[in-house]
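Two complexes come next, and they have one chain in common, chain A, joined by chain B in the first and chain C in the second.
Here is the complex of A and B:
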């Protein structure tokens, strides 16, 4: 594998794993959303997101000559490149037993990530790696609706009851503490932008901060510090036990029968 | 053409006119006059159909994150999402019927939590393996398709229109289920065994799904009223017979064994002979005392309570913005 391909692979893992884990956390909400209309809309979004992961895993499949499902369902946690923020649980309890999920955290995490995802896709639109350009264009068509959805939730909850406002602010602080892990491109970031695969990390981050400031100003909110990376850098293979648990659930059936050739 | 002024008619005359419309296969709409008995029968049928869709999403939801491959994850997500959508559609139809009685969706959900609003027996059952997701999509949906297709011609217009959309999506569910079952049936010994065990678990609940043959079995039935008003057109037993005709051979062709040694087709009577399910158990299950009833209902109720603040915030936001406009 050429050096170029090695770096492409690193980037593809970030893109695929971000969407895979993010979709999983979304799908845990199925049937539990605040109202039935939201359940339907949210699960459509999680499904699209899983579709995006699939598009990136297919690019990896071609590159690595390893089947999509082996890549997505049979890798060790330290081989995952998603941001740690995205693997964090939705709240205490698991999705089968008395989940106490946090809707405010979900709204903020989804919105902030989707703003970044949008910026990242725009940059991938000019990538030197042709297959990524096609993938990005395909995914972008669904992005507009997702962003609108979470923005609506954000505005409404930020400008309603006191309780909602305070829950949302708590959620923003919590997401902020680790959003740096979403914004980073990891240890190969410099090479990624040198090879024109994606814009430099600093540029992506600046654009994101601009959009977030804009958003905050509309709801009369400010935050001084830069987003942190308290729990570590998932782009370099650092992860929490939340990912280990998530992967156990995601792969439970796939790895339950080693002889199985099809599912 | 004769113009009838409803206000001038006695209740009896209204009823007669209504029944004439039913006899002529006219569709009744939400704003039309209807006898209480008709309204109540519709509310009971449609709200429990809606509740079944919503509660029916739960046993499969358990397998959404665990679906073995990316493609399976995508298709089961799409399927469960459809079921939630069906629930939404049906609850809206039920809500319109409830309005004149001063009730709304909140009441329906509270009735669901307190077990007053019943849902299908199958969704009270456990789904402990991936094969259950397969059997549910193939056979439970298969059974539901038969019932829902029968209801398509229902005399209540809004219900019929909702069902039309539901049935279109159901054909995708059946394909999804067939594909899951086929993969396991043609897989390893372990996969085949998992599938067989799941069929064993689901066979009795599947027979129960259509309801008892005669009112004797559980003591009461709304089937007669529903037939009188052309809300439905077939009896429980007719539907069950249809189900057996459609699936028994298919199941056997997959190499699976139906857990009923007595099952056979009686050529003379032109009907299936089968082991009767335990109707006492059925009654218990649908009253909310099935193996997973409490767990699933409390999953719904707790998550609903947990997001109370969100619904409060939404209505607060709506009020604020209305007063700004007004």
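Here is the complex of A and C:
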């Protein structure tokens, strides 16, 4: 594998794994969303997002010549490149057993990530790796509706009751502490931008901060510090037990019977 | 497409006309604009399809259907026929690819077709597919499938659906 391909692989893992785990956390809300229309909408968004992960995994399949299910279902947690923020559970309990999920955290995490995803896709439109250009164009057509959805929730809850506002602010502080892990391109980031696969990390971050400040100004909110990376850098293979647990659930069928996947 | 189709290719197109989206069985994949390319030679058929929405669970079924129906229909030409069906995102599928017949079929089945020409961010006008009223309410932009939204007509009091407009956001990239 050439040096160029090695760096492409690293970037593809980040793109695929972010969407994969983000979609999974979204799907855990099925049947638990605040109202029935949200249940329909959120499921549809999570389904699209898994489709986005699938597009990137298929690019990896072609690049690595390894079956796509092996890539998505049979890697060790330390081989995953998603940001730690995206693997975190939705709240205490699990969807089968006393879920006490945090809707404010979900809205903030989804919106902030989707704003970044949009910026990242725009950058991938100019990628030197042509398959990524096609993938980004396709994903953008769907991304438009997702972003609109989470913005609506964000504005409404930020200007709702005192309790809603307070929970939303707590969620923003919490997401902020680890959003740096989303914004980073990891240890190969410099090479990724040198090879024109994606814009430099600093440029992506600046654009994200601009858009977030704009968003905050509309709801009369400010935050001073830069986003942190308290729990570690998922781009370099650092993860929490939340990812391990999620992968055990996601891969249960594949690991127990490979043939069963192709239903 | 500029190239001239052979008889065999025209026959393949006729078969594809019978392949439908399992979640919208009244409209063919040709009418939906999903068929980008067909190449048919003596022993080989290649079909390039454009997925509508990337997470669409119907894709594998559509692929299987294309292979099966093509194989069954063309067996008389040559039993050694090889068929490849590929999904591609280049060019991306957009709603302006839906044919006029396709639009009529959607409307007839209670799904307002997307505007023929749409620019990202533009207002999206939706008329009731039953009575044509413009007095409608968007209940949920996300509907029973990834490509559809749920609406309500305040005039004839019918719930209905509409297909989301999907425009190519980057016409300049080629």
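In this text, the second predicted complex is superposed on the first by the 257 of 263 C-alpha atoms of A that agree within 3 Å, B and C clash if a C-alpha of one lies under 4 Å from a C-alpha of the other, contacts with A are read in each partner's own complex, and residues count from 1 in each chain.
The working rule: contacts are C-beta pairs under 8 Å (C-beta built on N, C-alpha and C of every residue); 3 or more make two chains touch, one makes a residue touch a chain.
Quick caveat, the model's predicted, so the values are computed rather than measured.
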*Given the touch rule stated above, what does A:51 touch, chain B (first), chain C (second), both, or neither?*
both
_Just to be sure I read the superposition right, which of the two partners does A:257 touch: chain B = first, chain C = second, or both, or neither?_
first
*Is A:103 contacted by the first partner chain B, the second partner chain C, both or neither?*
first
*Go through the superposed model and pick first if A:33 touches only chain B, second if only chain C, both, or neither.*
first
_I'd like to know which partner A:94 touches here: chain B for first, chain C for second, both or neither._
neither
*asked:* Just to be sure I read the superposition right, which of the two partners does A:79 touch: chain B = first, chain C = second, or both, or neither?
replied: neither
*asked:* For A:159 in the superposed arrangement: first (chain B), second (chain C), both or neither?
replied: first
*Could you let me know whether more residues of chain A are touched by chain B or by chain C?*
B
*Examine A:230 and indicate which partner it touches, taking first as chain B and second as chain C; both and neither are also allowed.*
neither
*Is A:125 in contact with chain B, with chain C, with both, or with neither (first, second, both, neither)?*
second
*Which residues would you name on chain A as touching chain B in one complex and chain C in the other?*
37, 40, 43-44, 47, 50-51, 54
*Going by the contact rule at the top, pick out the chain B residues touching chain A in the complex.*
54, 57-58, 61-74, 77-78, 80-81, 84-85, 87-88, 91, 130, 183-184, 186-188, 190-191, 298-300, 302-303, 306-307, 309-314, 316-317, 320
_Touch list for chain C against partner chain A, complex_ = 51, 53-57, 88-90, 92-94, 120, 139-146, 150, 164, 166-170, 173
_In the complex, chain A residues that touch chain C_ = 37, 40-45, 47-52, 54-55, 125, 133-135, 137-142, 144-145, 148-149
*What part of chain A is in contact with chain B in the complex they form?*
24, 27-28, 30-37, 39-40, 43-44, 46-47, 50-51, 53-54, 57, 68-69, 72-73, 95-96, 98-101, 103, 156-157, 159-161, 163-164, 167, 249-250, 252-254, 256-257, 259-263
